[in-house]
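To keep things simple, chains are lettered A, B, C and D as they appear, and every chain counts its residues starting from 1.
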Amino acid sequence: MTDLSVRIGGLGLRNPVLTASGTFGYGTEYAGYFDAGLLGGIVTKTVTLEPREGNPMPRLAETPAGMLNSIGLANVGIERFLSEKLPALEGLDTRVVVNVAGNTAEEYAEVTSRAAGHPRVDAIEVNVSCPNVRHGGLAFGTNPSATAEVTAAVRAATSKPVIVKLTPNVTDIAEIARAAEAAGADALSLINTVLGMAIDIGTRRPLIARRTAGLSGPAIKPIAIAKVYQVRQAVKLPLIGIGGIMRWQDAVEFLLAGATAVQTGTLHFLEPDGPVRIVEGLRRYCEERGIASVSELVGGMIEESS
Amino acid sequence: MTDLSVRIGGLGLRNPVLTASGTFGYGTEYAGYFDAGLLGGIVTKTVTLEPREGNPMPRLAETPAGMLNSIGLANVGIERFLSEKLPALEGLDTRVVVNVAGNTAEEYAEVTSRAAGHPRVDAIEVNVSCPNVRHGGLAFGTNPSATAEVTAAVRAATSKPVIVKLTPNVTDIAEIARAAEAAGADALSLINTVLGMAIDIGTRRPLIARRTAGLSGPAIKPIAIAKVYQVRQAVKLPLIGIGGIMRWQDAVEFLLAGATAVQTGTLHFLEPDGPVRIVEGLRRYCEERGIASVSELVGGMIEESS
Amino acid sequence: MTASMTCKVAAHGQAGPGIFILELKAAALVSAAGPGQFVHLKTADGIDPLWRRPFSIHRVNRRRGTILLSYRRIGRGTSLLARRTAGDTIDLLGPLGRPFDLEGGFTTAVIAAGGLGAAPVPFLLDALRRKGRKAVVLWGVRSKTELYCLDALRGRYTSIHIATEDGTEGFRGRVTDLFGRLASEFASGSGFRGFACGPMPMLKALQPLAAASGFPWQASLEERMACGVGVCQGCVVRMKNRQYRTVCADGPVFDLAELDFHD
Amino acid sequence: MTASMTCKVAAHGQAGPGIFILELKAAALVSAAGPGQFVHLKTADGIDPLWRRPFSIHRVNRRRGTILLSYRRIGRGTSLLARRTAGDTIDLLGPLGRPFDLEGGFTTAVIAAGGLGAAPVPFLLDALRRKGRKAVVLWGVRSKTELYCLDALRGRYTSIHIATEDGTEGFRGRVTDLFGRLASEFASGSGFRGFACGPMPMLKALQPLAAASGFPWQASLEERMACGVGVCQGCVVRMKNRQYRTVCADGPVFDLAELDFHD
């Protein structure tokens, strides 16, 4: 029997598979498809202080082996999140990570302290990497000192584990990762979506109303693996790998590159029960190879090519 | 009859389709497959002062809708390029752009002056964006002042058109583009490959010897379109769009985003005559819609989504 | 309860130029589904294309335990779908979305359909007939070749009016023009309920006519979809109150009067 | 002259567990191709997988104007290929690479093949027979089920020795062990020429034995390929002189002694 459990910044997870923010709703939408208790954890859609309607439509486009989204952090706001969404998660036997964002570091801190104050919340993921909003998001995550400022503010607002979610849209992700580490993050998750765009040549208009959007899906997996590998070298914090995971093999690839856990996102839209199948695949893989603990795989890439 | 010709920094092209550096050899390897005279131009593999063997093997990996390469500017050096490769291009009725790189700005300038001195050479493309070499390449292209330095050195070394090829692996590509423009570039081409990585979970080794490599192919098209659109807003120079072009529709998408011409790369490996089919598709598209000149499409995206 | 399932193709055939009828063994859906709901299909066995594709339930066959879809081959996904043959399996999510509301007092359904938007109409008619309601179908297409499944539309309690843009069959013009012409038949307003399904421009053109008709209209919308289940917040439309609603989970059926067709 | 062409599948069948023989109408290749050359096939009609896939020419059938390929279904590309049936078309580049060198003075070919590396051997044997040379084939596989096309290997002038790692047929061990055991038969050295085709580890193990054999060896290599025509510089192997050579254009056949199997 393989031990699939891992620890992320003090947080024990039953297994290393979580659902990525914005791709699993508030945790109950897929309830009919499988038991979220089979997962290591779920990460909620980004929550902000005030409710947000999100960006104008169209918000979605399909691209080669990927997709663009420009949801723009549409969410019910922390108030309704606490009163309407969290209670529905009470019965779930899995870790609940609340993903937070704001227009200022203070807003991040306030959402954090309100969310983390709730006993059902196990950790906070800090979204400084959304490409689809004017304020907050990327504007913070592309700048080391702004990343540090937000991280420190969130850190001060809770004693629960703080995971900072990084953007790949930077020249030097290691620098940002170090800034988050120095400011008190317990773990890093990466990557958020890659900035992309697509044009409908029939209408000559952008396929996404806000024009640029966030690219996710298998297309970005090699980018994500490279970033995890680079950040692995730069910091000591545990990493959560995200980007284009479709099969358990992809999850193993992220672990070997240096991630302690992974999040699946776009996968859910193709296969709602995809994350569970990844857990099963990981278990089978480890058992067949006599791997006693999945954490043996973490950072297990042999540096030389074959 | 549609006029397919375009002008790139003083250089007239029969049509807006060129072959991208490193994906068309020295211009003659695909001679058996089609007549390069049907294209707007060809861009040679990057040439350096000294011959280079390139990176250790394995150098290639396939990824979802894309590929990683780590060729590392393997080339015969400027000497043999001039004596062995260029003469074979004498008979070709198309534009010849020589792509150059070096370890220092001086080396870029020297390769440029030797290449541009040859009458068969119509323009120089400056590779400050190769992710697969330690010196030169990315180290220049991710830094505005280094980009400016190399551009100025190349500019001083020739009066022929100078095209600076940009990397997408930066936080703010507009800043790099402006630096190249200010330093005297006649045009910009973008994008070079995106940094990526892949691991063989069977052997647990990186699929590419040098570990990180350059991602190309359809997977990166949305990234490339976004970069072209961003740079279009930042500079006045003509742009050459590159990244994941597989069909004439993709070429139209790049033109609408703001490119005056395009380069095809990975496409050749799937369909050697792909670039010619793109020229044909562009012609048909324009004729069917009564577009008198293909340049009417350039930057023709309607900003509002439908 | 929606679910993910693997269904066998029971039959698959062409119903017109580029128009196909796909019959899937899906006993669980037969009783669960209502008219206006849709299923979300995997068309590729890999990632090209990446997304599932949504299709309205065209009909259900209770006896055979099947659902039928009708679709037009327009791109890669529907081309891959068109290659499936009887016995093949298809991965499906469904039934998804909220069906047409057939409760409450009305005696006659006025159904305006545009092009392939007519896909859910046979299922709607079957449900109306079971409730003993009458129906008037107004169906607009570009040209007569786009008409299909006319037999499924005709029947007890149902009258049908065709409009073609090129005049090759029935009334020459759009379905909205046709509705304008027939509007006097529904002038009393009472006892009618409107159902519209078709492309956005048609629904937009219909909105003022519907508002003037004196009876309430529901409209079924189409938007590009990723998840299909309300999770990604991608497939939104705007309401008159400025709020966004997801087509897949809040819709695809909405109160036509509440939709904000901004331009 | 190599070219890109669309070929019809003339026949396609299984030759063993997961092993297929694909016959393609390609009259132009029949005369142009030499043993050791390969073709580069599109296996998908889209971009999944993105690259073409290289396969050695297994045989040519001059009478039918066809070439035959033999392959093992191991991943997505070969799985898609395995679905093609007679009458389907396949896009192909070829013939590519440099064939085995059969010129010059030798009377007997010693052919060492490992696993599916045996794919080009029948074509090689046909060419040798036409030149009136004898051949000794040493073929190593993991288990007897991997043996296929034995009929094509047997024949005039040819003797064949099998090695299986699990001992289910012939000699128990690897092909290099088998060669070591038979080496005395080739001890004179003169009149022999060696041909090796198989995975890298086999070729690496063979290199010192070949060096000791007293006659020259050619080896056919496999590497991951993008372009297949020498353009991308991706599929390189290292030579003893530290230079890189492309497998697709400078090879796939190399002088075994010149290869640098670094580890």
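Note that in this section contacts are C-beta pairs under 8 Å (C-beta built on N, C-alpha and C of every residue); 3 or more make two chains touch, one makes a residue touch a chain.
Bear in mind that the values here come from a model prediction, so they are computed numbers and not experimental data.
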item: Comparison of A-C and B-C (more C-beta pairs in contact); value: A-C
item: Rounded Å distance, chain B centre to chain C centre (Cα mean); value: 47
item: Centroid spacing, where centroids are CA-atom means, of chain A and chain C in whole angstrom; value: 36
item: Where chain C and chain D are represented by their mean Cα positions, the distance between them in whole Å; value: 56
item: Chain centre separation in whole Å, for chain B relative to chain A (CA means); value: 34
item: Shared interface positions of chain D, touching two or more other chains; value: 47-48
item: Where chain B touches two or more other chains, by residue; value: 56-58, 63-66, 217-218
item: Graph class of chain-chain contacts, one of line, ring, star, complete, other; value: complete
item: Chain C residues touching chain D - in the complex, by the definition given at the top; value: 44, 46-48, 76
item: Residue ranges of chain B in contact with chain C within the complex; value: 64-65
item: Touch list for chain B against partner chain D, complex; value: 22-25, 29-30, 32-33, 45, 53-54, 56-67, 69, 71, 74, 217-218, 246, 266, 268-273
item: Chain A partner contacts - residues on chain B that touch it in the complex; value: 56-58, 63-66, 68, 142, 169-172, 194-201, 203-209, 211-212, 215, 217-223, 225-226, 229-230, 244, 249, 252-253, 256-257, 300-306
item: Parts of chain D lying in touch with chain A, wherever the complex brings them together; value: 47-48
